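Before anything else, here is the set of structures, which you'll find just below.
Next, two complexes with chain A in common: one pairs it with chain B, the other with chain C.
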Partner chain A sequence: FAGLADVSISEEIPVEGQITVPVGSHSPDEDGSTLDEPVRETIMRDLKAVGKKFVHVLYPRKSSTLLRDWDLWGPLVLCVSLALMLQGGSADSKDDGGPQFAEVFVIIWFGAVVITLNSKLLGGTISFFQSLCVLGYCVLPLTVGMLVCRLVLLAGSGTISFIIRLLVVLAMFAWSTLASTAFLADSQPPNRKALVVYPIFLFYFVISWMILTFTPQ
Partner chain B sequence: EFDDAANLLAANPDATTISIEEPAEVPKNQHSRLHQPGREEDDELLGTDDSDKTELLAGQKKSAPFWTFDYYQTFFDVDTYQVLDRIKGSVFPVPGKNFVRLYIRSNPDLYGPFWICATLVFTIAVSGNLSNFFIHLGKPTYHYVPQFRKVSIAATTIYAYAWLVPLALWGFLMWRNSKVMNIVSYSFLEILCVYGYSLFIYIPTAILWIIPQKVVRWVLMMFSLGLSGSVLVMTFWPAVRDDNRRIALATVGTVVLLHALLSVGCLAYFFDAPELDFPAPIIPAHNGTAVVTKS
Partner chain C sequence: PSLLTGSLPQALVDDTEDVSLDFGSEEELALRKARIRHPLATFFHLFFRVSAIITYLFCDWFSNSFVACFVTILLLLSFDFWSVKNVTGRLLVGLRWWNQIDEDGKSHWVFEAKRVPTVAASTEAEARIFWLGLIICPVIWTVFFFSTLFSLKLKWLALVIAGISLQTANLYGYIHCKLGGQKSISRLTSRLFVTDIPKRQTRRISEDPIEEHGKTSTR
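Entry: the complex of A and B
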């Protein structure tokens, strides 16, 4: 504290004023007038945020946008669409079919929560919802892969279609894992990185397995 | 540091070694260089006996109250190399080396047991599904099913085994400890750890069980049962051997038996028997396509 003894406040900086005035804010939220804007604008703003995050996942660079402004809309949309696409799998008896909607939902959300808890317990500095957000958004390549698989299955379900599906799912699985690792790895202590990455690998492996083994009736 | 002390002691068995608790007693088996049950039991009794009796999940450093996040963080205080070392120790049991003493060293973790069980659940489900696919591949009436319901069954079984059996064993050992004072005692977390890490060998075993040969599968099972069973036996034998002979043998026998039951049950339930061509009845479904049911 010795160095602060001779610090003086310059005359130009106003020291009075309202505490609630934000410094240099550009976002329209702070104006307090979002109640009056048309609904379309509100929705488009959220959609643009979600879309921007999709782009970040598709081209993963170490940007902090995904982490800073987390939202769970994207993961919800992805999870629901993936679970819907996994419906219609073969099932003569209930025991033998593919995963039901609820099972896919639970696996994705419960798995993401467990992985987040795991990384926090190991000493990670990322917040709970940020990690959920990243893990959910990185399901995007696998959802795209599921879409491709369903299209391929429309064409036929022989060996060639299986090989194509296998390659597509493998590529998407690698993409998802690398994307989420790129976002999450920095917040972990360095000697435990592998301990955090492995559950993420397992998580996307299980989802990829569900996608690959999808067989229509 | 074990090796240095053991080497010194083996070189000069009569030398007095300085320890913090009390002057060194001559260990019972001088010929065993690495396993000194006398000293270890003294350390055990003086170090953890009181905390075992006072807390359910004992440990020297769990000082945070159990409703805080920090309390649970102490169970994940492991680095990557420590987890890998513990896995290695469970796969290559060395006679005379106690897994808990050597690898856990009063830093039990929940990371290993939890994620090894999770991996094992999915490995068994996926391998079972794959092996059934390959076994029935050539048959014209076979329609592949993902059998996803088996994942929940596998999860229930394996997590129940990995958490309830240690709980029962810990309770039993505590009860015997109250009657026979001088036995090595383990905390609940250490028992959990041993059980969790001992299940690791089943992960490669489950992958290799895809091979549809009965003899291969049984050989693999015997091998993995031998390895993980010996880890368990070598861990728990020092804890019961001072007890009544029959109770000690019964305890260790039950541990091994439950372990064997788990592996036999998994093999029987998740993996169809190979080379068995039971003619499955073909039932015409309501829309005319033939449907195969398992007989």
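Entry: the complex of A and C
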């Protein structure tokens, strides 16, 4: 044990210090302050995040913002507005030309969940809510297309208006599908990409079909 | 002179006693005594949940339109989810939970609990209101689920399922925060205990040779 004498801590050096345990290993820098920040800041932060994602969908680039900070507010707003427009504003009547409100809702959310499960079962690395977020936000072009269709239908419902609507819906459908595959395709293994893109194609096709065949009473 | 020095410390003691009791301003004292320190947060915590339930129960009185009721209840449920998750949780009980995705693309659920109590920390009454509101409402929505299912009013089913999932998500998140906080407190104490021992051991190692040296030197 004599050799250990060199290793020992002499009495003159005070052995003291602080033991601090970090709260969470993945906590962001502003950890203490997000617990104490004023409510307005929280609201503005979330609103800005939602707005940024809308812009990202309109100009799809390969960026990870949509994937990193997912939220489901955008999809909720888009789903509700699309369902309202498809409903045609008439309350609960069986005669209107559009599908029932709840049907559109269920189709969108159930469809998105099924696609997400499909991509996860095929071995995708994306998480459940991220995928729902992307699919929901990429409904934006189709919602815009629905708005345009309703405006065109206000002008008239002849052949010309049908051709205009067809072209608009086709363009929006292509935009939605391309935007969502741009975000989702990276997370899939390369030989499975077609298997993942096809359900997304089908999903937006069904929504586009609902938009194109909408006729108000 | 001795009388002066004798009396002055007494006066000083009296002054310091008066000063030391005055921690802060009147507002802080009132805040500390109040049973509910965040009245707005408490109100909104209950407002959205209860309004959603009331609107669901009495939607026929408010309007004939299914769509309007559906959208209103859905918006109330969403606002409730957001406000409980982001605002009332941290104000009333000092807990917060969220999902983070790191650079690898892996998602982590983070549960956070406030350690240091501040002046505006929550009271027992607030915490009780928070937990009661959090637990009772999902139960009520589950009752609605069964009543909707068995009375075959299936068009409301989507809404009830949305309500159950949103409210249960908050309940689960906060229970996880609460339990996680207790787990990490026990981890903290065990870590303190473990790091304490090596220090003592090194002390002992250092002490013995010195004593021996001392013994040998005296000899």
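The rule is short, and it goes like this: the second predicted complex is superposed on the first by the 167 of 217 C-alpha atoms of A that agree within 3 Å, B and C clash if a C-alpha of one lies under 4 Å from a C-alpha of the other, contacts with A are read in each partner's own complex, and residues count from 1 in each chain.
What we mean here is this: a contact is a pair of C-beta atoms (placed from the backbone, for glycine too) under 8 Å apart; a residue touches a chain by one contact, two chains touch by 3 or more.
No experiment lies behind these values; they were computed from the predicted model shown.
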Considering only touches as defined above, state whether A:Phe205 meets chain B (first), chain C (second), both or neither. first
Which partner reaches more residues of chain A (counting touched residues only), chain B or chain C: C
In the overlaid three-chain picture, which partner chain does A:Ser127 touch, first (chain B) or second (chain C), both, or neither? second
Name the contact category of A:Val39: first (chain B only), second (chain C only), both, or neither. second
Quick check on my understanding: which residues of chain A belong to both its chain B contact set and its chain C contact set? 91-92
Residues of chain A touching chain B in their complex? 89-99, 103, 118, 120-123, 191-195, 198-199, 202, 205-206, 209-210, 213-215
Given the complex, residues on chain B that touch chain A span 69, 72-73, 75-76, 78-81, 83, 111, 115, 118-119, 122, 126, 129, 143-150, 152, 285, 291, 293
Quick check: in the complex, which residue numbers of chain C touch chain A? 64-68, 70-71, 74, 78, 82, 86-87, 90, 94, 96, 99-102, 105-108, 110-115, 155, 158-159, 184, 187-188, 191-192, 195, 199, 202-203, 205-206, 208-210, 213
Applying the document's contact rule, which stretches of chain A touch chain C when the two form their complex? 1-2, 4-5, 7-11, 15, 19, 21, 23-24, 26-28, 31, 34-36, 39, 42, 46, 67-70, 73, 76, 80, 84, 87, 91-92, 100-102, 105-106, 125-127, 129-130, 187
